[in-house]
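So, here's a batch of structures to check.
Shared between the two complexes below is chain A, which has chain B as its partner in the first and chain C in the second.
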Partner chain A sequence: MNPLLWPEYSVLLGVLACLAAVMALGTKRSAEYPVSIVALVASAVFTVHGWSGHQSPVALYGQTVIIDNFSVAVDGLVILAAAASILLGWNERRSGTDFPALVLLAALGMMVLGAANSFLVLFLGIELLSLPLYILAASPGTSASGEAGLKYLLLGAFSSGILLFGLALLYGGSGTMIFTAIGPAHTIAPLVAAGSALTLVGLIFKLGVVPFHMWVPDVYEGSSMPVAHFMAFGTKVGAAAILMRFLFFGFYLSPGVWGPLIGYLGVLTMIVGNLMALPQNDLKRLLAYSGIGNAGYLLIGLASHNVTGAEAMLFYLLPYGFAVMGAFAVVTMVAGERSSISVKDLAGLSSRSPALSAFFVVAMLSLAGIPLTGGFVGKFYLLQAALFANQPGLAVGLVLATLVGMGAYLRPLLASFGHPAQSLEPIVWPWGGALVLAVATLGTIGLGVYPAPIVQIVSHSANFFWLH
Partner chain B sequence: MIGANWVVALAGAIFAVGAVGVMIRKNPLIMFMSAEMMWNAAALAFVAYARVYHAINGQVMAFLIIGTAAAEVGIGLAIIVAVYHRRHRLDIDELSSLRG
Partner chain C sequence: MVLVWLLAVPLLGAAAVLAVPNRSAKAWAATGGLVELALFVLLWVSARHGVNWPWIAAWGIRFQLGADGLSLLMLGLTAVVFAAVLISSDAGAGRVYYFWLLLLEFASIGLFSALDLFLFYIFWEVLLIPVFFLLTGWGGEGGRSAAMRWLVMNLVGSLFMLVGIIAVGVLHSQLTGHLTFGIAQLAGTAWAPAVAPLLFLAFFLAFAIKAPLWPLHGWMPEAYGRAPAPVTALLSGVLSKAGIYGFLRVMVPLFLPELRAYQTPLLILAAAGLVAGGLLALRQQDMKMVAAYGSLSHMGMMALGVFSLTRAGVLGATFYMVAHGLMVGGLFLVLGLLENRAGTRAIAAMKGLNRSAPRLAAYFLFFVLGSLGLPGLPGFAGEYMIIQGLVAHDVVIAVIAGAVLVLAAWYMLRAFQATMQGPVGNVAIPDLLARQVAWLLPLAAVVTVLGVWPSTLTLPAAPSLYHAIHLLAAKG
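Presenting the complex of A and B:
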């Protein structure tokens, strides 16, 4: 037991405790939701402690796992996503008794991805993230849940196959499984090129980048609200973390090869994602396409390939996560007992519940990137990184996509200030959703007004150019 | 003694068969089986390269791939059976209430 791995251990113990609670108490009295929250709080405490405890990277298990400030920051983001999902889904009757254990398992996979330094750990992390999410997507909750789970499963298994074969070719070309040991000296170039291309396809599939984004809206629409939230926030964190590890550690010396590719994909993704978000009526689909657009923004940090880009990418995950938390909390509360709602259902939200409407405005403005919200600061840093890297194309793409995105986020906002079509039942405020909403709104506005503390944490985390 | 390149070529062929299978077949079971073929092709390539480099880590990876594939099959078959129970037919073109 390594003391640096206690954030991961406590999540793992939480999974076991959840399963034991379900076994011991049955389905009548549920203890698994509080147990999972306790595990996440313990993990958060260890993460904060780990942050202040060590500043230099530690390589464990024959260098396959690296615990550094980056992995600790990713742990924090993942814990936030998992806790918000469990609080949003705090309803045994609807979410089921196995929901907390599965969310914790997937969160463990994301944390593993943040610390991975080997093909082996990369593969295990991706699968540990994906397998519980297949079950969560397929668990009953919406009318199309089986279909969503099946689509996610087939495409996920397909993309994992591509990823694995790419890893095999990379191993053959370089003779090592450790990212940091892939040197240009002993490699067989065609094998490494083919292998890294296939591996990248597998990874950006998980992130939901444009040529491989078709599954995202379908799976979100067919999943319940908390699961869709977890996919929108947590999966993006895990996939972005492993992309940074893989490219910045393994292929630091050849950015000229993969940089432009990632850049073009990023611009394509942000434009297409935001354009497709414009005509959507189902709010889950709208948020799914918004997530695709935001995946494109994240790729700017990779494509600009400098310390500023890495910092901006890591920073952007937090305001994006807060905005997604806020949006999904509001949508969950408005939906009430229903499994999905459309833009029309938001009509008259400002008169039904002014407070909820105000929270919704904050989340949407942050997604759109309006000043004084976290989304604006995040996009500002990404823009800065693109310009520092002397890549104006990325910056132009970001600005254009943000303009398109404003249109997409304005529609639900306008609807919420419109007149209600019919008299509607009052909105119930579950305490879990209210807590998530409060944290999300405080975080969004806090990041927009005073981002300095987070910027400092991020600048300590993303400086992993120490290796080279 | 067969050269590692031939083994990797065989793995590539299996991978291609699996990838084509996922793309053109309509039955989820066959598609899922084809995806598992892609995984096994990767495991074969790992073992072949492990012999080239006289390293054990490629073989370890192959074992982990087999183990993870077993877990995935458990989950996948459960999902496919659940969908079949609801519809009593398995054709990916009929599962179209969600349009991407």
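Presenting the complex of A and C:
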């Protein structure tokens, strides 16, 4: 057992322990949630222990896996996403006994993606991430969730097929499975070009990039809140990480080929995502389209193809994650026993629970990118990357999308300050949700006011110097 | 460190009013406003040290605040107008209202002292949020659409300015090799001819929309009209100055050659706004809108002073910012008191009110005379300096500016005469209460002192303004 892999081992052991707890104790639901949190805490401890600002990368298993500061940073983000999802699901009666084990398994897939350096590991990670999510999407057992699960399964399997086909072509064209071994000589071969295009399609499907975004709102809508949260945060981390590994490690010599493509897709995605978020009434669908828009912002980091871009992309995942945590925690609490709520259901939140409404304001303003929240610093980082890359078009696209997004995020905010149609019962604060909300709000404001430490960490984690 | 406290007190106050019950929120907020005023006096008499702390080292961003002459004047204006507004606001407005007001004061103080573009932008945009919520929550019927318009128009400007800010930082780093957003470090950089007009436009639009300068004032009528009187006083008295301040603080150091190159069109634009605002004010049937469009016209006057790029013009614009802020702030507050009493703002509905409310009419007259530029009150001194600066550059524009002063007398006195003088109508209103006189009288006293003795302000402000124009003229 390699000591560097203890964050992953902890999660794997957590999966087994959760399953064992369910097998031994049945449906009494006493042990698996605490066990999963313990596993994540252990993993977090190993992650923090494993992080060192100047440690050089270690290649394992015949170079198929790279443990470096980047993979460790991704581990940290994944642990945060998984822990928040499990805490949100803790007090929710509808999420079953299998929920923690499946979340941990998907989280393991995301961690694998963060360390992947070979086509095989890439595919392993994608499948490890996807299979538990297919089950989780369908797990509430309603007709909507069944539809969501089936849709996700069919489209996901289709994209996996495309991905696999692309990987096969890439292997055939380049003769290697290892990203870092794809030499410059091969990058123009037609087989490699076709293979990398198909692989990219498979990967950006997972990120939810236009035009492969259709599944996102439907699947979120049918899933339970904690699962939708996990898809919005965790899946984005995994997909963004593997895109960076694949493009920055495998194809960094040919950015002229994929850079413009990613740039145009990014601008298209951020504008379409934010525009489609404007008229949404269901809050889960609104957050789904917001997630699509944010996937577009992330692509700016890739399209910039410089160190700042890599840093900005990794950085942006954290404020985005905090904002998603905060928004989903509030929505979960307001929804209570219901499986979804509309913008109108937020009416009167400011008088029902001023504190909850204040937390909601912080999350929404961060998604909108208002200063003193992490979302603003993230966008500032991405804009720097685009302008350092001499691509003002990307910057203007981001700004226009932000403007549209402002309207989308203000609508629920305004609703929460409006008057409710009927009198409403007081809001119950489950402790799991409250904890998630506290961390999310502190994180959002902390990143907005003093981002320097995280900027420092990111600049050590994504310092892919060969991109200069 | 006094400066840091000046920034921190409104923020602490905002947190405090959220923690106290609704009925004592006003007392806390008003105390905060007075403490802020006292701190400003302390800043004025102290050595006025700024701070310059490391913040985000990787991007060369520093937490840099300063109080040179220009900032000092704007900080004073902010402290005085906010104190008056906090004291005069409705006691029953609730703690959330005072929370947003104090947050707005925090953002204004920060904006007027920030010396790093990143920090400047943070306050610039944070400013939008309290106004947005004040308009939606306390703006009555149409408050929501007024708020949306305010936010969207200002965001269009500020988001492009954000791209501009990062672009000047990046371009400067490509020239010099190190990334910085400090205004002093960026000053005088020669931008590549291909991007200079775009950069200029990115900053200009943001400042012109915020002021607002005609014809970018689309958000103004609704916002000024819907906002409760104290918030209108802040919008026109303090926040509108943020745009003009931006021209002086950011555009003069960064884009002086461009300002010179586009000087004639800029002057024509500002003069057109001056005339258009005056003509629009003449047509209004609603007293608040007379003052609002009059204010639009005066923003054109300040812009003329800045774009003249002469010593007298720039100094006059700066002085006029303070003078106008105090007078128009006072005018909107008095109009608010009048509206509360009469239940209407329509000029036609009021007649001969100076019989029933002589004290209110006296304060109304005082601020009206100040706004139309009566010698002895500070508006006159500001206008005089601006026109003096203009004469040196362009006599035609100077003549237009002088002529519009007549227009100002016309629309202002029309509103006053129709409502206050003449035969007594069927509406009678109660006069000012002693507690209202208690804050109006000091405000009027400050205004009078500035009118009689403008050098109280021009002496401290002049060196930094002259420095900005001349040092850079030598460089570029």
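Note that in this section the second predicted complex is superposed on the first by the 452 of 468 C-alpha atoms of A that agree within 3 Å, B and C clash if a C-alpha of one lies under 4 Å from a C-alpha of the other, contacts with A are read in each partner's own complex, and residues count from 1 in each chain.
Convention: contacts are C-beta pairs under 8 Å (C-beta built on N, C-alpha and C of every residue); 3 or more make two chains touch, one makes a residue touch a chain.
Not measured: the values here are computed from a predicted model.
Of the two partner chains, chain C is the only one touched by A:P371; chain B is not.
Contacts of A:M177 after superposition: chain B is touched, whereas chain C is not reached. By the document's definition of touching, of the two partners only chain B reaches A:L131; chain C does not.
Greater residue coverage of chain A by touch, when chain B is weighed against chain C, goes to B. In the superposed model, A:M214 makes contact with chain B only, not with chain C. Once the two complexes are laid over each other on the shared chain, residue contacts for A:A59 go to neither chain B nor chain C. Contacts of A:L275 after superposition: neither chain B nor chain C is touched. Interface residues of chain A, counted against chain C in their complex, comprise 365, 370-372, 376, 380, 383-384, 387-388, 392, 395-396, 399, 402-403, 406-407, 410, 414, 417, 450-452, 455-456, 459.
The residues of chain A lying in touch with chain B in their complex are 119-120, 123-124, 127, 131, 134-135, 138, 143-144, 146-151, 153-154, 157-158, 160-162, 164-165, 167-169, 171-172, 175, 177, 214-215, 217-218, 221-222. Considering their complex, residues 55-59, 118, 121-123, 125-126, 128-129, 133, 136-137, 144, 148, 151-152, 155-156, 159-160, 162-163, 166-167, 169-170 of chain C touch chain A. If you check the complex, the residues on chain B that touch chain A are 8, 11, 15, 18-19, 22, 28, 31-32, 35-39, 41-43, 45-46, 48-49, 52-53, 55, 57-58, 60-61, 64-65, 68, 71-72, 75-76, 79-80, 82-83, 86, 92, 95, 97-100.
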